[in-house]
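Listed after this line are the structures, all set down as structure tokens.
One chain, chain A, appears in both complexes that follow, with chain B as partner in the first and chain C in the second.
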Partner chain A sequence: MKEINPDYKNHSKIRLALSSKNLRELWIKIGFIVGVMIIWEVIARFGRVSSTLFPPISTIGIALWDNIITGEILEHLLYSLYLIFIGIGIGIVLTFILTVLYMIYKPFANILDIVISIMHPLPGIALLPIIMLIVGLGAKAIVIVIIQSVIWPVMVNSIAGFRSIPITQVELGRNIGMSELRLVCSVMIPNAFPHIFAGLKIAWSRSWRALIGAEMIFGATGLVGGLGWYIYKKRYFLEIPDVFAGLLVIVAIGIIVEEVVMKQIEKRTIVKWGVTV
Partner chain B sequence: MKKSFVLLVIVAVFSMFIFGGCAGSSPESKKVVVAQQYGLGYAPIMVIQEKKLIEKYYEGAEVEWVQLGSGGAIREAMAAGTVDIGSMGVPPFLISWDKELGFRVISALCRMPLGLQTYHEEIETLGDITPDMKIALPSPGSIQHILLSMACEKQLGDPTALDDQIIAMTHPDGANALINKIEIDAHYTSPPYIFMELETEGIHQVLDAEEDCFEGPFTFLVTISTEKFKESNPELFTAVADALDEAIVWINENPDEASELLAEGMDMEKDEVYKQLTWTGVEFSKNPEGMLEFLDFMKESGYVAKTTDDVSELIWDNLDYKEAN
Partner chain C sequence: MRKVLEVEGLNKSFRMNKKNIHVLNNISLSLIKRDFLTVLGPSGCGKSTLIRCICCFEKIDGGVIKVDGMLVTRPGPDRLMVFQEFNQLFHWKTVWENIIYPLNLNHRNKTKKEREEIASKFLEMVNLKDFKNAYPRQLSGGMCQRVAIARALAIGPKILLMDEPFGALDAQTRSILQKELMDIWNKTDITIIFITHNIQESILLGNKIMVLSRIPAAIKVLVDNTIPFPRMPETPEFMDLWKELYSTLDVKRF
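Take a look at the complex of A and B:
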């Protein structure tokens, strides 16, 4: 046991050094944010710009808090998240089906290649006017835009992922007597997952932008309307602190999803399985 | 740490340049920036531009016409100090008054027939509108929205009853959607789009603004100016007021000639413009009407935070105010 100890100590020293570096970086980041907030407050209060149009950060904070208390902003946020989860959910299922067909039938793959190269570069929001003509204005149109934002990046990445699976691993699996299903679940999906996951990340950011953009450009989408409509509405009532509060919520959701949700998924899958791109 | 401090200083200095140095019209400037707007209601503004009336009343005036996307953008540009004169519906102006942006009415422009139209035969009153139906209007807080709220209070007992069913659409988009029966179920609009809709077979009116919503005559559009503009050059301000006055009188006295002048800017046939200009309920007048009633309603319904009994807080001293009804 004694022989192991020094090694263990060394290891913890390295970890300590790492965390103190991280801590310093954290302080710089916090310092920057606080600095920006102070400058913001000073300009808004003492600058030559109207504080109605450029409200102090403290006023924005109060507006955000009020909106959380009354539940108004949460209602819109939940509606936005509800739409995006439906869109991403349907998008992933469709992508799965299409990817499987792509891998199995060669002619289908040829056709899909053309479809992908046409549809992938198209921002979902650019299609909205046409989608609206077909399904009308409302939640349906927004969900279709989100699906369009999800399906192509995830598919392109999934196909690349499945193609990158080392043939030796698949053959090894076969040799030790794995069933086809087991082979897909234990060898193919974990190996392709880093690619699929990268596609999902792109899908999230694209669909989140598409959602907010669609709501802001085309107005209310459903019964309550999402965050984009909230900002739109507040702008016309000149409730500028509320507009900024809406933006803060959008930023917060972006950070939470990318830094917390995505990192957790990564930790539980890619890191745990020891696979990398 | 030293580097990050330097970075902060750079950001700070940069921000001061951006936010501290908004250029405004300097004292005794001969320049006035006017928002250019098209449409029947803005006819006096178009006449001023075509006939160069501000220049007529103020020798050497530099009039700059700017085009902005929407009424909301005009209000924001005025608050930012880049536009001096703009026109909008009464409620959007009252929202800016509530926020103390320092704008007041320099002249009313017109009274007009506004209303809510639908192609659903079964809709006779607001109570017949089902929760899945969509009502298009230019934007939240627009005069069309507030008039709809007034009718909601009268017919449904709650001014915000239909707020979750409104959709923001420009007048031409909304009229197009209604006439083709796509996307929307009803459209609250103003001339000339209201005329287009009512002339279409199968479309009928659910609400007439003066009859069912406001219950009396009211000013539709007003031209407003910033306090800064009035103070920096009172003579130029008076010239703008005189120009508006002359344009309104000229349109009322010469509808034929006015139609010819307006037809070009509105991209319409002269006869069509004449028909709309002389339509029942279309009236150009410089004295505003019904503003306090709008303000009281908006305060009661929670759309603005305060109200007043003193109309001089809303209009400049060159105007007379007409009590509504």
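Take a look at the complex of A and C:
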């Protein structure tokens, strides 16, 4: 007496078909990038442009390689990543606390609604002068800018996610004897996860932008600086291929996080559970 | 016989559009071990509200609810609900994890092996052994309801409350699940309250059948169903009971 669900039996086949489709999409993407690089090279070499301001992609490649070999660019990259991880980490913890309070206390929610509508559209960079006056120049200020870019999008999305939880799921959790904290962690967060994750994706791109921007305004903090500072410094010495190399690294990190890290998380959660926002 | 469930003078009203709507009017009933109570009543009469009150999902306005002689005021695993909705499973857990997770929460004194044995037993009872590692999205509606039933039974409640669990299923799957539920009921000594608006289903399953009136709902009739198993809808006694229930149900004729 078993119903056979065709989707279940053919699951592996479907996955196989998907992966070959993904492969074709990947080739299209790579082809596009290679095409852009060739056009760039041709324009830089044969077009009427200054090779100082618009160096050929091959020159940029060599500059990038040299900078990797000497470890200079990696040092800056690691510093940037270090700052962003601290910022995002603190941001997520704060968001969690604020969101839980928001869901529990109605008056707090009303106040926070106003705060969100003020802070959410505000670019972190715009706050930098004030932050600098309060905490001074340095890593602290950059981290605060990152936190500001993380909290609001994640919070707005998390609240939407929590509000969309079916009442059945919450009642079920209470019914099987969960404590309130366990209910939040084991029922509400997984239910709201697709929304929370969408917020995290926005938070990542916003904070990455804010970080690079803040580093450029700031310069180095102490002895080390991030990628933004690296670009700023290279421009100062008119080492334009190095400036482009720095930009390439920023783009590369963006692509890796979007296409590899985020896609993998998505595949292991939302896609596997079959839920969409 | 000791009473598993006692409801005395249960009253419940809702506030809707600034008006008080009296839904349950002085409901009293008691069930003993292995009772299978089916509840019939016109649409919107408060059938679901009744078992939601027993589950303590709703605050009651008056009356007492006792399980094994103890007053209950909060939801708990001694009264487990099987909902009508298919989304009552945790979609981020497999069938197996859905069953074993509440077991781990509620039976900490048992060893891991014992808990796994219980989970396998009930998974087998609902015929889903082959779908152990499937995710809810890969299951049909009927299978989801089976997992929900297995999960509830595995925890070992005193009372199983079923809110039209087969209401959203096709007729064929529904009759298969009715039979499976009867088998399970025969194998365990659980007390069940089963909401339905299908008269035939109520006679097939219940050893007690209750009909509620329109709101404010009171108990119209509470009959003992003594038709021997296997119950066939074609037999005269079945048809007589059907007619009796139909007339008390106050269905408007075309």
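One rule holds in what follows: the second predicted complex is superposed on the first by the 236 of 277 C-alpha atoms of A that agree within 3 Å, B and C clash if a C-alpha of one lies under 4 Å from a C-alpha of the other, contacts with A are read in each partner's own complex, and residues count from 1 in each chain.
FYI, contacts are C-beta pairs under 8 Å (C-beta built on N, C-alpha and C of every residue); 3 or more make two chains touch, one makes a residue touch a chain.
Just so it is clear, the structure is predicted and the values come from calculations on it, not from any experiment.
For A:Lys201, decide between first (touching chain B), second (touching chain C), both and neither.
A:Lys201 sits against neither chain B nor chain C.
Touching A:Arg209, do we find chain B (first), chain C (second), both, or neither?
neither
Looking at the overlay, what does A:Ile39 touch: chain B (first), chain C (second), both, or neither?
first
Between chain B (first) and chain C (second), which, if any, makes contact with A:Thr269: first, second, both or neither?
The second partner, chain C, only.
Just chain B (first), just chain C (second), both, or neither: which does A:Thr168 touch?
In the superposition, A:Thr168 touches chain C alone.
Quick check for you: in the superposed arrangement, does A:Ile176 touch first (chain B), second (chain C), both or neither?
second
Examine A:Val187 and indicate which partner it touches, taking first as chain B and second as chain C; both and neither are also allowed.
A:Val187: touches chain C, not chain B.
Following superposition on chain A, which residues of chain A contact chain B and also contact chain C?
After superposing on chain A, no chain A residue contacts both chain B and chain C.
Using the touch definition up top, name the residues of chain A that touch chain C in the complex.
Touch list, chain A to chain C: 1-3, 5, 7-8, 11, 166, 168-169, 171-172, 174-178, 182, 187, 190, 193, 269, 272-275.
Quick check on the complex: what are the chain C residues that touch chain A?
55, 57, 75-77, 79-81, 83, 85, 87-88, 90-92, 102, 105-106, 127, 130-131, 134-140, 142-143, 155, 173, 176, 180
Would you pull the chain A residues touching chain B in the complex into a rising list?
28, 31-32, 35-36, 39, 43, 47-50, 52-54, 132-133, 136-138, 218-220, 223-225, 232-233, 235-238
Touching residues of chain B toward chain A in the complex: what are they?
Against chain A, chain B makes touches at 1, 4, 7-8, 11-12, 15-16, 19-22, 72, 75-76, 79-80, 92, 95-96, 98-101, 131, 134, 139-142, 164-169, 182-184, 303.
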